[in-house]
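The letters A, B, C, D and E name the chains in turn, as written, and every chain counts its residues from 1.
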């Protein structure tokens, strides 16, 4: 019964989150560009409607199964990733004692979904987008796993409820501030935006999206937004104490914190420049991975001394 | 349950039919190159420029399998856990350093 | 779901994997056969662990080791394929045999 | 019901426009998208309206037809200061000095309301190569790699510049209407993965003879580089500033410079990329950035040196994004000088005897690649 | 027949059928991802058997491994997308026979043997036990795994990367001259071409 309730709330959360993300996606670029922001509220729906009524395109002998499956898989992964996020100690859509491992599996399958989306078109620009995303998506995933393990140490569990409960005294963002930054980078990577958008970038004329139109494109963009919402909720849970907070019910706190992370992610996606993929790959392995090692070691030492 | 709902929603959106849908003709199917027409299929023996990195990656990622259970018992086991995992990670870091020296993390 | 039924599924996977490993000319496809056999082995191990060993931790450890074997097998296998291709421009098992000159 | 709702709200969305830019129109088109009623799409697949701006060369006409046919229906074409080419009818033409936005929006609305018929295909409805029913499975192919399965042959292996794995080389013409390339530039690129093995200029970029103030031009150049670095919003800001400075309004250049600096755009560009006259892409961009507000022509650009570097040499051995960055790091005049069209026979000896231009390292690879082709032997 | 049994039957069918399709499909990407599907189905069966960690970890390990598998399959197989249907097999009959015999033998063995019935307690903290096991009794296995993985990493790099310490692997030895951090395009020029030839039509 509580599970059904949790699923309902989460679906509501996902829908509202996607709408909010779509609006932010127009408002924040407009803010940076110094253009009027007033159309940000209504424009996303009109754009979605325009996409929905446009016909789908086709290429010469694409892999149709893969092309159809990719956005569906991507969206589903976002929903599954979101489903392990607890709304309160009892209210979890998919209670799992290995929540962060499940989230890791969603990240790994996201790489598969994005690759499939680019590969299936049988066209050069999407193909390049697909391959370069794998080069960045894989090492970025490694970072997030170290960071999540760092969060699991004080909780003595891989479940997200326990991870939230372990933050009653001090939020994980205090324990590993750099971990939050690394996890936000992962968030940009799995939702294909800004400095980590190697699948759908400008220099490939939209990359994996270059050959899709109409409802196919709409579903891909929705899936990207859904993943953004999902990763925001996950960040809020792991680093910002999730549902913990005074007075208000747990899921309201979770929604507020997720919204904060969402704004941060969209802003970061519009604020930082994207390196060419070769440079980013070296950067991930040689700068960020050692940083995540250090972060983990620091959390370990802290627990040994004061834990 | 979640999987079913999400997959259905996404499938419905993906399969929405446009009121303007018409049979797609051959010239509409030519891959987009900004006007140019390709001579061959794009599917090819694609030269992945980071293949040594992926090999290093799958070996390195294996360590995650050991790290998750380790994280659960870390507080319980204390210094011993720290030391053993430190040793394990140090061993694997040697691999990464070696890879770096061999230029694995560059575009080949 | 009983141990026997789990083991039969595992046997089917091993059988298909063996077929693939024996029949495929391409070295990469051969590795797919191997992986499928290990997949069956993994299922069997967890089956025993769950139904007959009462959840002894060694069973899980064995499963992890099987996965490590898969990873090692893949990394070394692909590296080998790359090395062979660099020399011979071919990826079939036959050409691997003639490398020993 | 749902469909009705969609059809109601769809016309209020900005019109997706793909711009095919001809001679002397680049700045005009970039200024156009300040209007919130339009959005510029990167791929013609996502466009509702094809905007043809400025005059095209005769050679570009076929490419324009191909582009037009790739646009999914319902589709319309708007000609802005350019002469409609053969094959189009139901013409919407706008004079250069007029604003085309209203016409574009009207055309799009008419399409959605089915008041205007979607333009038909211009090219014949037949595959690139006949394939149906041919071959052992009717897929048009022969054996493993042969024939034309589903209308096209497969790419074949070739030697590689970088790591010696001879995998498939994909050769295709890119442009002349690709949004991240200068208008009119059509390159034949041979790629292995995403690394350029060989580049040839099929058609040079179209002259833009931008006569606006230099600082407005410089803003637009930086904006183009910013887009490649994933900074669309920043690019829009610079674009708007360029528009404002052309209208004679006051622009806070120091603030713009700070904005770009803080985005890490300069640090994101790899050092040593596309070196010409001792300057790489990063230092060229830094110079543009430093001189954002300065109202004087660029100091000696590569075009003015006696023997300009060749674009195709710069591109060889580069990864795709790096190559695109290099192409966009030159101003239009310099690029025009660097991208002469090579005749067919001239290409064969390319890279053999002209090592004295500049010290780009991939040149050595190139000649080595030739030696490999001729001297390589061995048996299976 | 409970819900778990139905799920088990469905997942087994998915695992076996997609495992079989791997060797029938023409597209290498599809083959890799079908194998992934087979792994995911097995992982879900493992979840049903009260081993949450191993199940989920299988999915995440295999997703990555099959992704890499797809990259290499496409890289080295002729006609990677299966545009022309193909069949690259040898000793097909023998292989089918061996597969059937293996299946039949193992199944018979599974049916004939009487296993002790000692089910895992659903309340057991299996991940915790695994951690204790890793750090305690099986410490040596754990560290050996580390060394093995290191050896794998080094071996894979040595075999696959071209530029080693003494120059490219497909040319003669050169004195060391590797400078870390340099541009990949600016590597040492290649002198000899090894054995390059361009006919690839077997089978």
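One rule holds for everything that comes next: a contact is a pair of C-beta atoms (placed from the backbone, for glycine too) under 8 Å apart; a residue touches a chain by one contact, two chains touch by 3 or more.
This one's a predicted model, so the numbers in the text were calculated from it and none came from an experiment.
S.K.: Which chains make contact with chain A and with chain B at once?
M.R.: Expected: D, E.
S.K.: Touching chain A and chain D alike: which chains?
M.R.: Correct list: B, E.
S.K.: Considering B-C alongside B-D, which chain pair is linked by more C-beta pairs in contact?
M.R.: Answer by contact count: B-D.
S.K.: Based on CA centres, what chain would you say lies at the far end from chain D?
M.R.: Ranked by distance of C-alpha centres from chain D, the top chain is C.
S.K.: Measuring from the mean of all protein Cα atoms shown, which chain centre lies nearest?
M.R.: B
S.K.: Whole-Å distance, chain A centre to chain E centre, using C-alpha means?
M.R.: Inter-chain centre distance comes to 27 Å.
S.K.: Taking each chain's centre as the mean position of its Cα atoms, how many Å separate chain A from chain C?
M.R.: 33
S.K.: Between chain C and chain D, tell me the centre distance in angstrom, where each centre is the average of that chain's C-alpha atoms.
M.R.: Distance between chain centres: 46 Å.
S.K.: Quick one: report the Å distance separating chain C from chain E, using the average Cα coordinate of each chain.
M.R.: One centre to the other, that is 7 Å.
S.K.: Please set out, as single numbers or ranges, the residues of chain E touching at least two other chains.
M.R.: Expected reply: 53, 57, 60-61, 64-65, 68, 71-72, 75-78, 81, 83, 127, 130, 132, 134, 145, 149, 152-153, 156-158, 160, 162-163, 170, 184, 194-198, 200, 202-203.
S.K.: Among the residues of chain B, which ones contact at least 2 other chains?
M.R.: Answer for chain B, listing residues that touch two or more other chains: 19-20, 22, 26, 28, 30, 32-34, 38, 41-49, 51, 54-62, 64-66, 68, 71-73, 76, 96, 100, 106-108.
S.K.: Would you please write down the residue numbers of chain A that are in contact with two or more other chains?
M.R.: Residues 52-57, 60-61, 98, 101, 104, 119, 122, 124-125, 131, 134, 138, 158, 205, 210-211, 214, 277-278 of chain A each touch two or more of the other chains.
S.K.: Just spell out which pairs of chains touch, all of them.
M.R.: A-B, A-D, A-E, B-C, B-D, B-E, C-D, C-E, D-E
S.K.: List the residues on chain B that touch chain C in their complex, please.
M.R.: 51, 55-56, 58-59, 61-62, 65-66
S.K.: In the complex of these two chains, what residues of chain A are touching chain E?
M.R.: Residues of chain A touching chain E: 61, 63, 65-66, 96-98, 101-102, 104-105, 107-109, 111-112, 115-116, 119, 122, 131, 134, 138, 141, 158, 278.
S.K.: For chain D, which residues are in contact with chain A within the complex?
M.R.: Touching chain A from chain D are residues 3, 5-14, 16, 36, 41-43, 45-46, 48, 70, 72-73, 112, 127-128, 149-152, 170, 172, 178-180, 191, 193-194, 226-234, 236-237, 240, 262-265, 267-270, 319-322, 324-325.
S.K.: If we count contacts the way the header does, which residues on chain B are in touch with chain E in the complex?
M.R.: Per the touch definition, chain B meets chain E at residues 41, 43-48, 51-52, 54-66, 68-73, 76-77, 80-81, 84, 87-88, 91-92, 94-96, 98-104, 106-108.
S.K.: Spell out the residues on chain D that touch chain E in their complex, using ranges where they run on.
M.R.: 135-137, 139, 141-147, 149-150, 154, 156-157, 159, 162-167, 270, 272, 317-318, 361-362, 364-365, 368, 371-373, 375-380
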